Amino acid sequence: MDIMVIFGSESDLPVGEEVRKIFDKLGVKFEMRIASAHRTPDRVYELIKKAEDQGAKAIIAGAGMSAHLAGVVASKTILPVIGIPMDAGPLHGIDSLLSTVNMPGGIPVATVSLGKAGGKNAALLACSIIALGNEKVSKALKDYRREMTAKVYEADRLLGVNNEE
Amino acid sequence: MDIMVIFGSESDLPVGEEVRKIFDKLGVKFEMRIASAHRTPDRVYELIKKAEDQGAKAIIAGAGMSAHLAGVVASKTILPVIGIPMDAGPLHGIDSLLSTVNMPGGIPVATVSLGKAGGKNAALLACSIIALGNEKVSKALKDYRREMTAKVYEADRLLGVNNEE
Amino acid sequence: MDIMVIFGSESDLPVGEEVRKIFDKLGVKFEMRIASAHRTPDRVYELIKKAEDQGAKAIIAGAGMSAHLAGVVASKTILPVIGIPMDAGPLHGIDSLLSTVNMPGGIPVATVSLGKAGGKNAALLACSIIALGNEKVSKALKDYRREMTAKVYEADRLLGVNNEE
Amino acid sequence: MDIMVIFGSESDLPVGEEVRKIFDKLGVKFEMRIASAHRTPDRVYELIKKAEDQGAKAIIAGAGMSAHLAGVVASKTILPVIGIPMDAGPLHGIDSLLSTVNMPGGIPVATVSLGKAGGKNAALLACSIIALGNEKVSKALKDYRREMTAKVYEADRLLGVNNEE
Amino acid sequence: MDIMVIFGSESDLPVGEEVRKIFDKLGVKFEMRIASAHRTPDRVYELIKKAEDQGAKAIIAGAGMSAHLAGVVASKTILPVIGIPMDAGPLHGIDSLLSTVNMPGGIPVATVSLGKAGGKNAALLACSIIALGNEKVSKALKDYRREMTAKVYEADRLLGVNNEE
Amino acid sequence: MDIMVIFGSESDLPVGEEVRKIFDKLGVKFEMRIASAHRTPDRVYELIKKAEDQGAKAIIAGAGMSAHLAGVVASKTILPVIGIPMDAGPLHGIDSLLSTVNMPGGIPVATVSLGKAGGKNAALLACSIIALGNEKVSKALKDYRREMTAKVYEADRLLGVNNEE
Amino acid sequence: MDIMVIFGSESDLPVGEEVRKIFDKLGVKFEMRIASAHRTPDRVYELIKKAEDQGAKAIIAGAGMSAHLAGVVASKTILPVIGIPMDAGPLHGIDSLLSTVNMPGGIPVATVSLGKAGGKNAALLACSIIALGNEKVSKALKDYRREMTAKVYEADRLLGVNNEE
Amino acid sequence: MDIMVIFGSESDLPVGEEVRKIFDKLGVKFEMRIASAHRTPDRVYELIKKAEDQGAKAIIAGAGMSAHLAGVVASKTILPVIGIPMDAGPLHGIDSLLSTVNMPGGIPVATVSLGKAGGKNAALLACSIIALGNEKVSKALKDYRREMTAKVYEADRLLGVNNEE
């Protein structure tokens, strides 16, 4: 396994789908699980152990509201921990963002964007870590960047808005 | 022990002093400890166990920034858990407040005011729980209320501002 | 009656339904009423008195916008008061949260999550207080926790997402 | 008495001083008192009654944090109630502002600026209400406006910054 | 005319409808107009003049986004000015609230709740000012309060939720 | 070309449509392109160069979330750069607003309203710059203002709400 | 005069000093005045007229709290209006920022950074507008940029921190 | 070089000192530079190139206000980019945080805590990435964790607050 992915709740799975799409496309092996810092803390610890034992390069953790999952994971491993703040709930994720990113000195969480953009970016950040020691993922990541660039160029080409001539 | 009190860091102790003053005044037995959800999670679990074993009626947990301590404590016990959001750090505690109060459904944290007012109120809330089964603390709490009322009356008496006569 | 539950408005009743479901499941006797700190303050006081007379262990108060209900209740009793900030209105509850949680030192309100998660958590917090002196509710609360844990395990089992084999 | 002024705490008195200065200058009779919605609610009701009995034209109420004072006063009188959100505490008054201004439909609070500017503006708003039926205060208020205008003109005259000649 | 009501845009009229309902019910004479601080400032000044000439007791001004209308009105009259922050636009009214309420010292705006609740409360606040010198409106306002109280009692009676007997 | 307009993503084009409508109406020549500070930075630099070479009077840049486009453009040109913060994403544009407006000293971005109002205002601000040296656009802008004023007067005329006669 | 600069209050002058330093350095003629949208609106209109009559290329307006000055200026001229939100007062300028930037569609304000950085950036933005038709200011602005770049290079050179050799 | 560290301004160096202390302690080779996304963008690109050429494992970028540095770096490399939001300026870093963390999908920034805690955590996160392929840093990081744990235990031991015996 390259990356362990943990979401705190079933309701986070649409964001998980963004993670999966990136990993499938870039050829990264992952395991995606549901485990809650508050409701199944012991399972969270098992999954951290499994990630470490199987040589994972990072753990992605996504949770909403008072989101403690990424911080709790980070407190139990020295693997890089990537936190995705969910944008669910009445406060649209500002609670989750602040609960994830502003960790006290000593235990970092690599926090990415809120919600679906965060799912995609968490996976890409994980790929950039894997790519340090994996030529295939490095190449796939560069290809992904080029493709993304090409898409913006294509959108621009199709737009073609100007009112001159 | 009536109440276990846990702060995440030494820097939280001025708030702890507010807790101590209330408990000393109202005759509540407590133990105040420093333990961190992120830096010493195992100690946190030991303290929860100790609180349960010694018949504590509630656990008070205070932490700052992405404050996970109260939520982590609440996930491991059915004792009432009272969270104090610290007002330290660049965001003055809005991070700590949102990290403490907006727990996902299933694991409540009884969150009180930010900072020093929160220290006082956490202790008083703990007293109101103890008072349900402890006539002495109930009486002390009522006395405290009366005294507080008297102080406001006295402040009002000393003020005596009006420009009529 | 174990718990008095007061909402400030009919529009809060979907959150009240979350409270009811927990109390019915865990075997807690409650009375749920509508009374407003601003529109029917005298009724609020009657309900506090009734709660005290009938041996209630806590009062739950839920209100929205500039939510004063929980604070007003707390000022008139030494029973533990649990505040639910409603997530209604243009500001999605940040007004209600700050109006409920940040009480001046001396009069605590045990504030829980915003909206429906808050309804569930208010009831569970009340149960944790009752459980201190009630073995049946204590057992029911532990069962509830186990069931919640089992549900997360089951969701995880059904997910079974990984792209390795 | 023209105006009853109530602050929730001694610590609000520097704002009260702004109120006093305006009322002294514009010739408005007032009584300024300390009474707390949470700590001395009965005194608050007495002061409302006194204001009504003595023909006050409005009640000014200033409080901080989860500021319920103005709303509680408004729920007990049909006199205009002017709320001053204090800018004290870790959140610098955003809590007090939202607790004061966003009252549920039916019970308005006329909310003014935060802190000292709010003290001045509360008094001036009260004067504008009194002025509706009091020629002397109306004239004093117009004079005050003229004087304020003159001060800005004078500041502008003294500044005299330009780099042209 | 008792009250001049100015909204900055047609899109504010659903809030205006709340104002109208209260004034019709309580027997207050008003004129409701659309005029913009930015797009038709001269019309705003005409309406202020008209309000003063016809003996209006207050001016209600409602606007959204960077809402300057109430402040601009207040700068040109010593009549009480009541500001309604609209809850429209991407920020749901926090922009409008802060643009309306936090006026520099010297020019107060009596700010009420956001959006529709604000429409109702602006009208009721205006009534409380009129009531100071108008027995009929004073009685109508007291009746309105009683009716509102009765409605809460009735909602409470219909609810009748408890799980005891 | 008078104005270069760059949006960071196809999803910003409804705001672009507001820009186009103003420029078409006021007779301003523009080119509207999609280019991303993060995904196609080199294209952004080409477009800046093109704008400078063709004598554009300003560059409008609109982007969402952590919106860097306007700042990146401003760092590479001394043309006036107008930033439109998009109101998309979970935070409704407060992220985009703060990422656009609060530039460190030395590199200004002329930031306008969020979302569609921002599209309209960016174009009008660009027109006000062009108008400094272009009598036709100056006249068109004055006409636009008059038309806008007339529309508010017409809306006011149609409203005609008052309950007096 | 190239630029008219208006601040709402004497207390804004430290920010005005930042404006002055840039204009003196880049050779821009300006007039700096104190006038308040609320306290001296008529003076504000005079200054707008003067700016237009003397061929100013833009008006800079800086104000704090519920900052209406820039919007009020923009409503009365088609000159580009640059708004500086002051960072004074309890809310540190978030009130001023939202009151300045989020103008309703039709009347743009070119808003820059909060406080002193905003003073500098407002002046530089004004220079970039002047530079469109003034070769000397254009050159001075390019020189300023180069100098700023050189300063960063110099700071970098002095730092020289690395722990390798 | 293991890690390239870039700060946008000299004023960020106290945070840089936190980075340095961690890297010195854990034996990580780094180069710390000052370069600005807005003032010296070309230098930023040179430093990215240098980092890539010299086999750096990550780039740390710290900037304040509308902080674009980390995003601009991330757009030009597939190395992991760690962003530190500075807590400087009137908004205490909420601007910097939102400008850094909420990157559009495709270009992630691994954002850590605000200010000094962020400096420490950025360095520790970088160490956790290096540790994946470097046994010595891995051991040093584990030692650091143990030491941190020991310090919390020691603080707890010294506290020894309880009022029972």
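Each chain carries a letter (A, B, C, D, E, F, G and H) given by its place in the written order, and its residues are counted from 1.
One rule holds for everything that comes next: a residue touches a chain if its C-beta (ideal position, glycine included) is under 8 Å from a C-beta of that chain, and two chains touch if they have at least 3 such contacts.
None of these values were measured; they are calculated from a predicted model.
If you take chain E and chain F together, the chains in touch with both are G.
In terms of residue-numbered contacts, E-F and D-G present the same interface, as over half of their contact pairs agree; the other options in C-D, D-E or D-G do not.
Using mean Cα coordinates as chain centres, the one most removed from chain E is H. Taking each chain's centre as the average of its CA atoms, chain C and chain E sit 33 Å apart.
A straight line joining the Cα centres of chain C and chain H is 41 Å long.
Chain contacts: chain E has residues 9, 36, 39, 65-66, 89, 91-92, 94, 101-104, 106-107, 109, 113-114, 117, 145, 148 touching two or more partner chains. Every pair of chains meeting the touch criterion is listed here: A-B, A-C, A-F, A-H, B-C, B-D, B-H, C-D, C-E, D-E, D-G, E-F, E-G, F-G, F-H, G-H. Chain B makes touch with chain D in their complex at residues 87, 92-94, 113-115, 117, 145, 148-149, 152-153, 155-156, 159, 161-164. The touching residues of chain H, counted against chain F in their complex, run 8-9, 36-39, 41, 63-68, 71-72, 74-76, 89, 91, 94-95, 98-104, 106-107, 109.
Within the complex formed with chain H, the residues of chain A that make contact are 18, 57, 78-82, 97, 101-114, 116-117, 120-122, 124-125, 128-129, 131-133, 138, 141-142, 145, 148. Within the complex, the chain E residues that touch chain F are 1, 9-10, 13, 16, 20, 23-24, 29-36, 39-40, 43, 65-66, 89-92.
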